[in-house]
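In the part that follows, the structures are each spelled out as structure tokens.
There are two complexes below, and they share chain A, which is joined by chain B in the first and by chain C in the second.
== the complex of A and B ==
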């Protein structure tokens, strides 16, 4: 199932101008493909390039959207996620305005509500960024 | 894999990953205390065990695995 635009609000708790995923192409129990087209009005764009915090936020929201696909299918509200740790982070380039990021999220494991995911972000096949991220998903009280 | 071989490998990979002396890893020692694991690094241990031994520790089982001996036994039954 593909999600675009405001459908994504069913998957992630973020709202404009901080939404850093504009499409989920696919999602399974263990992996997802997400995307973002970098626009000039993106709050993380400076001098025509999408900056490092935006890339990290895009990956984090991709992981949140991946988790959100599961909660959405169960009819639940999206959960707030917190980045617990980022490691092995490599940023190869700062994407230009107009480019489309494509991110592959792979669930490595999940323990006590903490998800360990690996992420790779590419533009037309070229590696932009990769990292391992731990994300804590907050359960509703 | 023989159990002695498995124990040696478990000790080796955990000592290297969590930067502790292998000599402090003993069968009766508490895993979390010995490796100084918090809730975040516990996830690393589970991922490491899965990648090295092909065994996914189930959440319900994780709570029961307190000592290295319990971990060796768990892996020996499944690896």
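== the complex of A and C ==
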């Protein structure tokens, strides 16, 4: 199942101006493919380049959308997710406005609502960023 | 880029490699419209960017983050609960123009973020 643009609002709790994923190409129980086209009005663009916080937020929201696919299929609201830890994060380049990022998210482990994911972001096959991220999903009270 | 996320109130720094910066978060920054509606939480990535800006301020030169070895987000930060905080910066030159940045965001007894990163002059 593919999700685009505002359909993604069913998967992630973030809203403009900090929505940093615009497509989920596919998602399974253990992995997902997401994307983002960098537009000039993106809040993390400076001097025509998508800066470090934008890349990291794109990965975090890709992981959120991946988690959201599961809750959406169960008919639940997306849970708030918070980054707990970022490790081994390599930022090879700062993408230009107009490029499309494609990100592969892999679930490494999930214990008590804490998800460990690994992510790789590419532009036309070329590695842009990679990292390991620990994400806490907040349960509804 | 969001230039109104925070402002610098005070800077104690004796060289261009280390210092402590007192910052104030801006609750009216538009990032809170989306993070999250009805529940403003300071985005972790904006705090990483705030650390990078503080490091630039002390270093007197633009820098870029190349690698994050480890970044721990140890407490939720909001402009309501934590309007001000201290950002501690330490840069150690590894090779020409490349530095190991060690930084934290703290207020009182609470540590909100610790960061170890490799940064380079831009």
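Going forward, the second predicted complex is superposed on the first by the 141 of 141 C-alpha atoms of A that agree within 3 Å, B and C clash if a C-alpha of one lies under 4 Å from a C-alpha of the other, contacts with A are read in each partner's own complex, and residues count from 1 in each chain.
Just so we're on the same page, a residue touches a chain if its C-beta (ideal position, glycine included) is under 8 Å from a C-beta of that chain, and two chains touch if they have at least 3 such contacts.
Quantities reported herein were computed from a predicted structural model and do not represent experimental measurements.
Colleague: Look at where chain B and chain C land on chain A after superposing the complexes, then choose clash or fit.
Modeller: In the superposition, chain B and chain C stay clear of each other.
Colleague: Which of the two partners, first being chain B and second being chain C, lies in contact with A:131: first, second, both, or neither?
Modeller: Only chain C is touched by A:131; chain B is not.
Colleague: Considering only touches as defined above, state whether A:16 meets chain B (first), chain C (second), both or neither.
Modeller: second
Colleague: May I ask you to decide whether A:57 touches chain B, chain C, both, or neither, giving the answer as first, second, both or neither?
Modeller: The answer is second: A:57 touches chain C but not chain B.
Colleague: In this superposed model, does chain C or chain B come into contact with more residues of chain A?
Modeller: More residues of chain A are touched by C.
Colleague: Between chain B and chain C, whom does A:1 touch in the aligned arrangement: first, second, both, or neither?
Modeller: neither
Colleague: Looking at A:94, would you say it contacts chain B, chain C, both, or neither? Reply first, second, both or neither.
Modeller: Only chain C; A:94 stays clear of chain B.
Colleague: Between chain B (first) and chain C (second), which, if any, makes contact with A:84: first, second, both or neither?
Modeller: The answer is both, since A:84 touches chain B and chain C.
Colleague: Once the shared chain is lined up, is A:46 touching chain B (first), chain C (second), both, or neither of them?
Modeller: Touch partner of A:46: chain C, not chain B.
Colleague: To the nearest 10 degrees, what angle do the lines from the C-alpha centre of chain A to those of chain B and chain C enclose?
Modeller: In the superposed model, the angle at chain A is 80 degrees.
Colleague: Answer with first, second, both or neither: which of chain B and chain C does A:112 touch in the superposed model?
Modeller: first
Colleague: What is the minimum C-alpha distance, in Å, between chain B and chain C after the two complexes are superposed on chain A?
Modeller: Value for chain B versus chain C, nearest C-alpha atoms: 10 Å.
Colleague: Is there a shared patch on chain A that both chain B and chain C touch, and which residues make it up?
Modeller: Shared contact residues on chain A: 84-85.
Colleague: Mind listing the chain A positions that touch chain B in their complex?
Modeller: Interface residues on chain A, with respect to chain B: 84-85, 108-112, 114, 116, 134.
Colleague: Would you tell me which residues of chain B are touching chain A in their complex?
Modeller: Within the complex, chain B contacts chain A at residues 39-40, 42-44, 46-47, 50, 56, 59, 62.
Colleague: Flag every residue of chain C that touches chain A in the complex, lowest number first.
Modeller: Contact set of chain C toward chain A: 1-2, 30-31, 33-37, 39, 41, 43-46, 48-49, 52, 64-73, 76.
Colleague: Which part of chain A faces chain C closely enough to touch in the complex?
Modeller: 13-19, 43-46, 51-54, 56-57, 60, 80, 82-91, 94, 131
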